[in-house]
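I've put the structures underneath this note.
Both complexes shown next keep subunit A, but they swap its partner, so subunit B is in the first and subunit C is in the second.
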Partner chain A sequence: MSRQKNNHQENEWIDWLSEYSIEYPDGEKIEDTIFALHAYVPERKKQRFLKKLPLIVQNAFHESLNMSRTFWAANLIHLMAGLLFVVYLGGDPFLSLFVLAPIPFIIGLLDVFRSRDEGMIELELSFRYSHSQVILARLGIVGAFNLACNLLLWSVFHLFAEPVLLMEMLIYWAVPYTLMIAMCLFLSLAFKSIFAAPVSLAMLFILGMAASQFDIDYKALPGPAWLAVFLAALFALYLEVNFIKRGRYHEFSR
Partner chain B sequence: MNLAVEQLTKRFGGHVAANEITGEFTKGVYGILGANGSGKTTLMRMLATVAHPTSGTISFNGVDIYELGDRYRDVIGYLPQHIGLYKNFTAEKFLLYIAALKGLDKRAAAVKVDELLELVGLAHVRKKKVGTFSGGMKQRIGIAQALLNDPRILIVDEPTSGLDPKERIRFRNLLSSISGERIVLLSTHIVSDIEFIAKEILILKEGRLIHKRSPRDLLETISGKVWLVQAAEHDLHQYQSHYKVGNIVRNEKGAELRIISDIPPSPTAKKAVPNLEDLYLHYFEEDLDAAAAQV
Partner chain C sequence: MIPDHELLKEIKAGSHTAMEVLVKRYYKPIYAFIYRKTGNKENAYDMTQDVFIKMLKHLPSYQERGSFKSWLYTLAVNHCHDQFRSKAFQASKMTEELGENRVSQGDSIPYIFEKNEKRKEVMGAILSLPSYQSDAIILKYYHDMKIREIAEIMDTNESTVKSRLRQGMEKLKAILQRSEEHVPSKKQSSRK
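Coming up: the complex of A and B.
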């Protein structure tokens, strides 16, 4: 009797509670709500900074795996030619770096702007990682690797050929190198890299020939003047990188 | 799931490529129909965040897509009209590279690439360089890259232009089979691409959205305006200069003409059931004339 009563009470409770039952939204609606709310979840400032750093490194690492063979070959030739000319043939290390140093960078620019020049940019602009990030990552690889090769050559020349002085490094390497890459980057931004690279290489060759043929006393120009030119070239590079960051280097930025 | 555009406008100097376009999209295939220069590509580019609108808004589930940023780009797949592929990459390497740019995890990307190469029928040429692919194969690798991130919004701009009929049918079937749980926006000027798969058709003309309706409703707008006329050979020119003639079928009595006209073009004209080609002709006849004049 008491069990029957209990069951009856239980059913009453269930009936009473069922009046308050609500229907759950379907999976898609829940997903949409989460997506909509996601936009309003604030990101921690500290986390944002930390997030950015490895992303650029990650992109650069990934892009390095996709650089063309021509780029790696240019770097290898640059190193071999420098060592052969100076260490084995006893050539002038300064002239060697004057002519050879920018070559891998100039060749590398073909890879940097490959997506724009091969019509992939429209697609890449729709991807998660912005196209400017990809371009800057590639530019980072080209620049960093080129710099590393140059430093290696400098070290070898310093130890096995001629001691390197800071002033000579500025005149024969830093100034022509930064000027040349600033000019080549400018041409690549304004036109296609396939045009910029040969023009820059031709210019470099002419300057190199002129430096080896004519006995010009570059040291006659005072140190601060060289420094000023170097800083101006660096500033031009800074402006160009900013130009890339703002995405002003392709037809879709209009 | 809802994608909405509101008063969307894009200007290039004095030229208005898209003019105050307003509309809403939910799950299903939307065909965007228009002649060359009607603003289809501009609209698609804005939806894919490739081009920024001059004014107006695009929102996904009520949030502006520029506020969403990469969270929006995570849910879209885009196939532009002219896809330039890295010719020296193999099909597999190309897809893995795109997967990385889309932010996919390496292992998940490898699985997805396998799956998509199978889906688009390119698994057997996965190690071949994409530079050696035919137009149809390039389009298929294009759709595969668009699907890598399992997008909720798929934007495909004139995907069948330049394909032969067999490839077009194959592509249409592929698109239809993957459209289930997504918003698919497909722009084209080829009517048969969307005739049987579109939930709604948007008609764009000179940058303006002039219709956004189901194919049946659109056909209703020209119901009673399509006629079949049996004409003698010497009358053909007269009919062509006075009416929009969609089709001419030669027969032993002369020719049977398919004419779009508000009034019967002849007392013997018989009403015909309209199709989307008639609709296209109805809206874009002057564009066809311009194209013919260019040829």
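Coming up: the complex of A and C.
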């Protein structure tokens, strides 16, 4: 009987306390608080050697830690295939670089535009760096690493296969390489990379097959014409990087 | 759900997203605690922001000995004590909020009046308690915390928390009893 009375009193007591309800601030005011708190988030720790480097290089270092395995695997396959084809199978070093050189870059673009294509821009926008800076940093890694791999292959071919001449390097590597990456980057800016990458790869293989099967005499074109095409491709790349800098990297997507 | 310690690690490394997730997770409980301690919406809003600023400022030196939740509540409890001691707070104490009417659509006027009266009564009763007793009661009855957790937050032992709760509840029950005794006389006076 007294237990029932105690329970009744306890319930009455809890009911009485529950009268003290809360009126919460609206969502906008809570967001204002969160906005103010951003200033108090601890600074990202930087390695000493990184502090002296420009922002894009610092970002590139951080982003390199986030590149997918596919990107690193594509680079490794590129190196292995180049060496195997030329050094062990006695293949044509120029044709090999013609076809292989842009592949890691094209696959790397999947990583560069991953957050945009997967709808994660909003998340990355809340980071300290803008999404343009993140994309440029990734582009920098992909481009620099790809270039390093190509130069390594050139050095190996030059030493162990066939001496490389500057003109042949321009015709068989620099021009197709810059043209392909400029085209693939343009397609990636305009559409999803998952579409741009296979289209670029297909075009690259068609050109490569045409070059090997039909024995096209590329050298028939005069040197200045090749140089002009090369410079035009570089200019296109420059414009595309500027597009990204200005945040115009998803104008036509979706 | 990402555990608190993972989010803290991310925030320490400079992640703004992790900060947003953590603040959104604890905003309402901390606000509710401060609101019940102050009885004032504006003060509670400002003080909640101050607590999270303190949390971020002290984060680099934060040692994960207890739970993060307890540490955050400790910051809130201490911040309330600091504020109550300040002269500016004493001057503005509860004036606006006690006169504030909380009206919801569909409620009849006598019901709203009665609800507001009861609310003011509970608020006044809790605010009349010594800080160490109201802290314990708010954490126990509104935040469903265990005695051990309250002891950790208030930096004391469990038996002290129990005695604070008992003493606080006795005072509140006495107030509740007094108000119940006054209800018939209030009704009679309203009939007149």
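The definition used in the following text is that the second predicted complex is superposed on the first by the 197 of 254 C-alpha atoms of A that agree within 3 Å, B and C clash if a C-alpha of one lies under 4 Å from a C-alpha of the other, contacts with A are read in each partner's own complex, and residues count from 1 in each chain.
In this section, contacts are C-beta pairs under 8 Å (C-beta built on N, C-alpha and C of every residue); 3 or more make two chains touch, one makes a residue touch a chain.
The structure presented is a predicted model; accordingly, all values stated were derived computationally and were not measured.
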{"item": "First, second, both or neither for A:A36, with subunit B first and subunit C second", "value": "both"}
{"item": "First, second, both or neither for A:E28, with subunit B first and subunit C second", "value": "first"}
{"item": "Touched partner set for A:W13, first subunit B, second subunit C, both or neither", "value": "second"}
{"item": "Touching both subunit B and subunit C, residues of subunit A", "value": "36, 38, 123, 126-128"}
{"item": "Residue ranges of subunit B touching subunit A (in the complex, touch as defined)", "value": "1-2, 12, 45, 48-51, 60-63, 67-68, 70-71, 73-76, 78-80, 82-88, 97-98, 100-103, 145, 149, 155"}
{"item": "In the complex, subunit A residues that touch subunit B", "value": "28, 32, 35-36, 38-39, 62, 66, 68, 114, 118-120, 122-130, 134, 252, 254"}
{"item": "Of subunit C, residues touching subunit A in the complex", "value": "11-17, 19-20, 23-24, 27-28, 31-32, 35-36, 41, 45, 48-49, 52-53, 56-57, 59-60, 102, 115, 118-119, 121-123, 126, 141-142, 169, 172-173, 176"}
{"item": "Partner subunit C, residues of subunit A touching it in the complex", "value": "12-14, 16-17, 19-25, 29-30, 33-34, 36-38, 40-45, 123, 126-128"}
